[in-house]
Amino acid sequence: MAAIDYDVELRRAGAHATGGWRRVLFLAQRHVLGAAGLVIMTLFVLTAIFADFIARYDPLTIDAARALARPSMAHWMGTDSFGRDVFSRIIHGARISLAVGIGSTALGGAIGVIVGLTSGYLSGWVDLVFQRVSDVLQALPLLVLALIMTAALGPSLPNVIIAIAIPLIPTVSRVIRANTLALRELPFIEAAKSIGMSEVRIALRHVLPNTLAPLIVLGTAQLGSTILTEASLSFLGLGIPEPYPSWGRMLSESAAEYVRTAPWLVIFPGIAISLAVFGANLFGDALRDILDPRQRG
Amino acid sequence: MAKEFDLVLEVKNLKTVFFTNSGLFRAVDDISFTVRRGETLAIVGESGCGKSVTALSLMRLVPDPPGRIVGGSVSLEGTDLLALDEAEMRAVRGNRISMIFQEPMTSLNPVMRIGDQIVEAVRLHRNLSTKEARDIAVEMLRLVRIPEPARRAREYPHQLSGGMRQRAMIAMALACRPVLLIADEPTTALDVTIQAQILALILDLQKELGTGLVLITHDLGVVAQTAQRVIVMYAGRKVEEATVEALFADPKHPYTRGLMASIPAVPASGVPVQARLNEIPGTVPSLVRLPKGCAFAPRCKLAIKRCEEYPPLADWGGGHLAACWRADEVAEVA
Amino acid sequence: MTEALLEVTDLKKHYPVRAGVLRRQVGTVHAVDGVSFSVHTGETLGLVGESGCGKSTVARSVLRLVEPTSGQIRLDGEDITRLSKSALRPHRRSMQIVFQDPFASLNPRMTAGDIVGEPLAVHGLASGKELEARTAKLFEQVGLRPDQMRNFPHQFSGGQRQRICIARALALGPRLIVCDEPVSALDVSIQAQVINLLIDLQKQHGFSYLFIAHDLAVVAHISHRVAVMYLGRIVEIADKDELFRNPRHPYTQALLASVPVANPLAKKLAPLVDGDVPSPVNPPPGCAFHTRCRFAMERCRTERPALVDAGDAHQVACLLNEGTGRGQ
Amino acid sequence: GEPKQGGILRMYHRDSPGNASIHEGATYSLNVPFMPVFNNLVIYKQDEAQNRMDNIVPELAESWAWVSDNKTLTFKLRQGVKWHDGKPFTSADVKCTFDMLMGKSQQKFRQNPRKTWYDQVNDISTNGDLEVSFNLKRPQPSLLALLASGYTPVYPCHVSPGDMRTHPIGTGPFKFVEFKANESIKLTRNTDYWRKGRPYLDGIEFTIIPNRSTAILAFVAGKFDMAFPTEVSIPLLKDVKSQAPNAVCVVEPNNVATNIIVNSSAPPFDNIDIRRAMALSLDRKAFISIMFEGQGDVGGTMEPAPAGLWAMPKEMLESIPGYGPDVNANREEARKLMQKAGYGPDKHLAVKVSTRNIPVYRDPAVILIDQLKSIYIDGELDVVETANWFPKIARKDYMLGLNLTGNAVDDPDQSFYENYSCGSERNYTNYCNKEIEKLFDVQSQETDVGKRKKLVWDIDKKLQEDVARPIIFHARTGSCWQSYVKGVTVMSNSSYNGYRYEDVWMDK
Amino acid sequence: MFAYLVRRLFLMLVTLFGISVVIFFLLRIVPGNIVDILFAAAGYVDPADKANLEKELGIDQPLIVQYWHWISGFLRGDFGYSYVSEKPALQEILPRIPITARLAGLALLFSASIGIPLGVISAVKQGTRLDYALRVVSLSGLSLPSFWLGLLILTASVAMFGQIPIFNPNPQTWLEAFATYAVPAAAVGFRSAALTMRITRSSMLEVLRQDYIRTARAKGASDAAVNYHHALKNAILPVITVIGIEAAFLIGGLIVTETVFNIPGVARFLVEAIRWRDYPIVQNLVMLIAVVVVSANFIVDMLYAVFDPRIRYTD
């Protein structure tokens, strides 16, 4: 048997990382990819918040004189055909992507949670109806639904958020419902009943907090996919309208025509989207490992 | 097998640790014991004291990471299992040494037929055709007294009751006629009447096949009814070892004694008034933050200053080992 | 004895087994199939039986955590079987439950203090400082330190968690505590502590317990009277001494014989019954135990024995006991 | 070299036209694939880029003449022409076609967008199988120009308008084979074509590729012999030139004017000052430089010279407010007007700029919004789905709209009556000025081209000064084909008239 | 089992009915109809002509009547006529189905044949560099906008090979036919394979912790036998579910892919039909897609029963 360095092994297992930031640091080391994801997400959020300070030009100002400039010191990512600074637009685009991502995830999530909780908690015919409705929503292709929704509502930021949020509802509500059903069987819920607690209070105080972990995991995963959905909608001409610098919009239609003459118009927004979604996915993945107790080694 | 060993298993100074993020768990700390042919050795102790890890260490199935066998030797009929490479060890597992687990439901593969699971065990170690192996499987099921074994062999685990599943596990474990069988709490998940059936079955088969048996349990009643020799574990250590008669007649370790006293007994007759039990105060210590010296000292009425030093396992006569400085006073004080 | 605190008469709980297009009911789980018993003030009634025989269902029905199919539950003389949820609320203070699994019984996201104080808050009995003080008192009562109120359940050991559960049950000052296998999940050496605590509390406050366990020894220790269940029915009920000295039902006898005695010199294990417990969906006709009973007669297959008094307040449901007495 | 017979011309198509009936459509998405199926009475000469009165040539008509005070236009028809289904072509078919266009026949088009073209026609009369006359209410010399447009094919009498939408029958050089919506359109050579030796091609296959970048990539990769005409944008043109240096590309104006439709029936644009200010704020050069890298034209209603026949002289154009070269001065003036109307640096005017959700509409709208910022107007883009665009405009549910107006023929009659006369369905802004309308009639009847031009210039200038429908620019677009494709001519003052494909051949 | 089938079928019908209602009314809520669009294309509006046309197409009738017309026709297999092409809707839809089906099938095949093995490897090698690399690749697959990926593939292909892998309606050879579908299928399949890989991985990790895996090891089974024979058999269940659900998502992915690669399949056709408000096409096509999706879920459930003997669907 080879000699074993206990300290090394323990360090690897994270025994030194107790409490507070040491634990966070350890988790970051253990989940390098997740940490990278968190860094990307943080940068993304900071960019969105401080877009006005980071961007070097107004993202909307048109200047024919500097149209289609190659990436240079003046314009790090070049300019588009309107002479707008691509870098500034990407920086401001973070804001829109974040708004779409967080907005639709939060909206779809909130409704999904309410539906899922009610459905799982009340069961009976309410559940049956909700289940069928979510069957219906799930059998309709998400993009088709979003397409019709944006067509109905007209393309604007809030409408795009709503259109993307609606197809999210069944996904979220299914997860929450399954969780609620599982939780309902647990003795602590029965204990709450036995002390005479009302059903609503049980649902809010005991069931909901315990569905938080799967919700967060689902949320981060969805965050990424909503950003992608917005991009796809934009590609099909139904995303956030001009002149707002949505990344999807920057990539779509007209920009695609520049794929070889001015590739920076296509490359940078594409990278921005991929990176943001990638970051959200990395982080979500790690979060799932950390939050899901069954995943712990 | 070239030669018949009387001493089937000899474990010396086995140490298994877990490296976890809350620290180093010395789950098995310097444990030694032996099992003879046809003998039943019981290991008792409370939850988390290292019984299962001991068993898994013998099979070399301790999950790594986080676990690691860090010392000692396990010799099965003279071969040191810890020195074998993984392929050699695979040839031993399920063949010369087998194990039955606590949860019969989760320990069987839910998507495989019972018969196929036994067939697999046989074919991994015997060069037999599927047909021959299937015959053996049915035969084994018959041996563990499953009615209509040929039909049951084609069923899936969920179609069997808990008792029958455990019988199937036993059939699988014994299919290759191992020299050593490890049973890790084989009846804890079962009802008392079924438990009695299963234990009787295991003892019968053991007698029939001459297998050495390591029976792990936390139920002193089961120990009394099944074992020839007993090891008592506490916090990863062996604190006492004796023949079953000696242990029950005269427990030498305060923990063993406390345990025996705290177990309510079915009144033989006329005992009954509702009365407080003798309790052992405090809780089982965490394996990471073990007290210095004797791990039981903080809960022990007999604890003295000296207990900060770990008491060696001493022979208190007739092979009755106990790790306590005041073993000879235990009977009087308690 | 005095007036019964809890009186259960002919309690039945059938769960539907549904199948088919419209989820029509195709069968019934006879989880509890006509159970009657009473618990007096200050008394402990033990309830034993094998897994799945309906013990927990009895416990839950008594507390109206499941709605009984039929029968009557009287608490302190008042019929609570059909009370509405709100009418039931005041009665909830009189009866509480402690479950088997102390891990699952505590909301992992609440502090121990909040968990124990919650019943008081829900019933508006205390708030703020007072709530804290009363919670602290409850902690002391069950042998926990008040400074542990801020800790979360996972920071406690199994025994301590069960104490938290007990403290929560005590909060409303109940008169009846239903204990559904409160010690089965605990370590042997801890089990004694919890049983002692329950006994001490009973002595202090005069609680009544309905104490459920599958371990005969534990039941024997804590109970005044013991009822034995098999497949949804009580097959025997008697004073503890009487029952253990003189078990009359073959099932009770088998149960007693199957318990391994912690004495190597005592008789070796000899299983008295073969086979498995039948399914409660299709309980055998007649006496449910006849499939495993060594004394089964032709009549047992068709005739269902009633629970009859065999003298000394010893009731048994076995045809062998009709006039004579013991089965063996 | 000598034209060669044979080969199938593969072309991509920018989108799927709704149907195959030219008379029921108003987009050159229809003309490009279906013009080859038909013949007109007369047609602009297909191998000359500029459409002019003097290069109109006979087609189904062998000759024509203006008679009785220029109030009757008589055609002698070609003999022996057969429809693709074998039936003979006669004067009855001509009468049927134009009666239907005027809404006089039993059978009706589902929609008839160019009905107004024949407002001055009283009736059609035939004289035997081979003569047909258009009897006018008053002289209208430009009728001939309208008849020469690709929009004016002759339909057979014996085929219902419904069938013409799905399976058109014509007399043209190519026969219709199939039209799979969103997928492809296939034409095959009319072996029985009256013009001997034509067409050269065995057939034409259009593959519908709505995604422009995919389409261009496919052209560059050699999948197609020809790109969809006048659809190659200036940036893509550069791309094509670098990737496929052998391809032949031309850039021509296409007589499509990008303009602003102003809702003058509601505040704030009911105020002429604000309308003027808006007109003054435009930096047309910037539009052209952004959209076409400089390759576009500034003009009034009529397409600018030299491709356009009716454009105002430069000095005249620059005298119109907002057309002057000094953008800053214009804007200074605009700001004054705005201040007069009560707006200023502290009080901006919020305006919605509605437009269709198509890049050629959206992009100039974005630039417009940016330019309006300079005169205290905060514009917000309101993109409208095609389905809702006209109903919205018709409801007057907009403030400013960015619109494209394509002119089928480079003739003032078509453009003035359609877009500026009171009550015309395409007069989206409801601009109505009786005096100007009188001038429309005057110029329309004028047979002397020189005099007519003067009249037209004055009208055009007045229309711009009234800010009826400010024209921002006239576009230019590219057309590309592989070098072995010969005989293609891209029209320079219309994008609706040049797709007979009789003269196209492939040197392969 | 039979009762279960009947019950499932009944629920499927309920779902399909729900979908028919949703899509029907959703389409009518969306402003604008075919007539508006036709007139928009012609650039003018004439209220009388409009009314005529609306009458001709029957869209002036009360919604309930329209719904009944449609749904009763649908049940009889009469899908009506496309508003745009004026051809029978079925004739428009049917030829496009095999194209999309081939594409989707290939993408799913791609997804399963790459995702599952890599997922197993990643789980078995958990925590190693290989695992990290595979996870990064799979996550990047989930992060790339598929139209962007498609565009880059097209561009690169033209730049490097002078060839463009867009749809070829008349492939000459078997290889050409395969190439027509393979590249776009790969572009969609990448995302789907990434998803499958992730699910396989986490499902495998879950299963590898189970007691019966330990039992298998205790029998002396080799790692390969344990991983592929014991674990994968159990881990495959959630993977099947995800692949089943993917079927619905795939349609969404196909919309952009069919656009970029100019494939005349149903997905793009659907979008085009929505744009034209071609109700007969949209409604019937959505119903057909829904039937496929719902059936896919049904098949997945049935596969469950095949793979997991515990599931017997008695209720």
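Lettered A, B, C, D and E in written order, each chain numbered from 1.
Following the convention adopted for this analysis, a residue touches a chain if its C-beta (ideal position, glycine included) is under 8 Å from a C-beta of that chain, and two chains touch if they have at least 3 such contacts.
Here the structure is a predicted model, which means the values were calculated and not measured.
Chemist: Spell out the chains that contact subunit A while also contacting subunit D.
Modeler: E
Chemist: Treat touching chains as neighbours: how many steps, at the fewest, connect subunit B to subunit E?
Modeler: Steps on the shortest route: 1.
Chemist: Averaging only over C-alpha atoms, locate the centres of subunit C and subunit E and give their separation in whole Å.
Modeler: 53
Chemist: In whole angstrom, how far does the Cα centroid of subunit B sit from the Cα centroid of subunit D?
Modeler: Centres of subunit B and subunit D (C-alpha means) sit 92 Å apart.
Chemist: State, to the nearest whole Å, the distance from the C-alpha centre of subunit B to the C-alpha centre of subunit C.
Modeler: Once rounded, the distance between the two centres reads 31 Å.
Chemist: Give, as an integer number of Å, the spacing between the C-alpha centres of subunit B and subunit A.
Modeler: Chain centroid spacing, subunit A to subunit B, equals 50 Å.
Chemist: Hey, what residues on subunit B touch two or more of the other chains?
Modeler: Residues: none.
Chemist: Any chance you could list the residues of subunit E touching two or more other chains?
Modeler: In subunit E, 31, 151, 155, 259, 275 touch at least two other chains.
Chemist: Tell me, which residues of subunit A touch at least two other chains?
Modeler: Residue numbers touching two or more other chains: 151, 256, 259-260.
Chemist: Note which residues of subunit B are touching subunit C in the complex, please.
Modeler: Touching subunit C from subunit B are residues 46-47, 161-164, 191-197, 199-200, 218-226, 244-245, 248, 258-260, 262-267, 269-270, 272, 274-281, 283-284.
Chemist: Going by the contact rule at the top, pick out the subunit D residues touching subunit E in the complex.
Modeler: Residues of subunit D touching subunit E: 16, 18-19, 24-27, 108, 110-113, 162, 165-166, 179-184, 207, 209-211, 213-215, 217-218, 220-223, 243, 385-391, 394, 425-426.
Chemist: Which residues, counting only subunit E, touch subunit D once they are in their complex?
Modeler: 31-33, 36-46, 49, 52-53, 56, 82, 84-87, 92, 95, 151, 154-155, 158, 162-164, 166, 169, 259-262, 264, 268-269, 272, 275-277
Chemist: Help me check something: in the complex, which residues belonging to subunit A touch subunit C?
Modeler: Going by the criterion above, the answer is residues 186-188, 190-197, 201, 206, 209-210, 212.
Chemist: Quick check on the complex: what are the subunit B residues that touch subunit A?
Modeler: Within the complex, subunit B contacts subunit A at residues 17, 19-24, 65-66, 68-71, 82.
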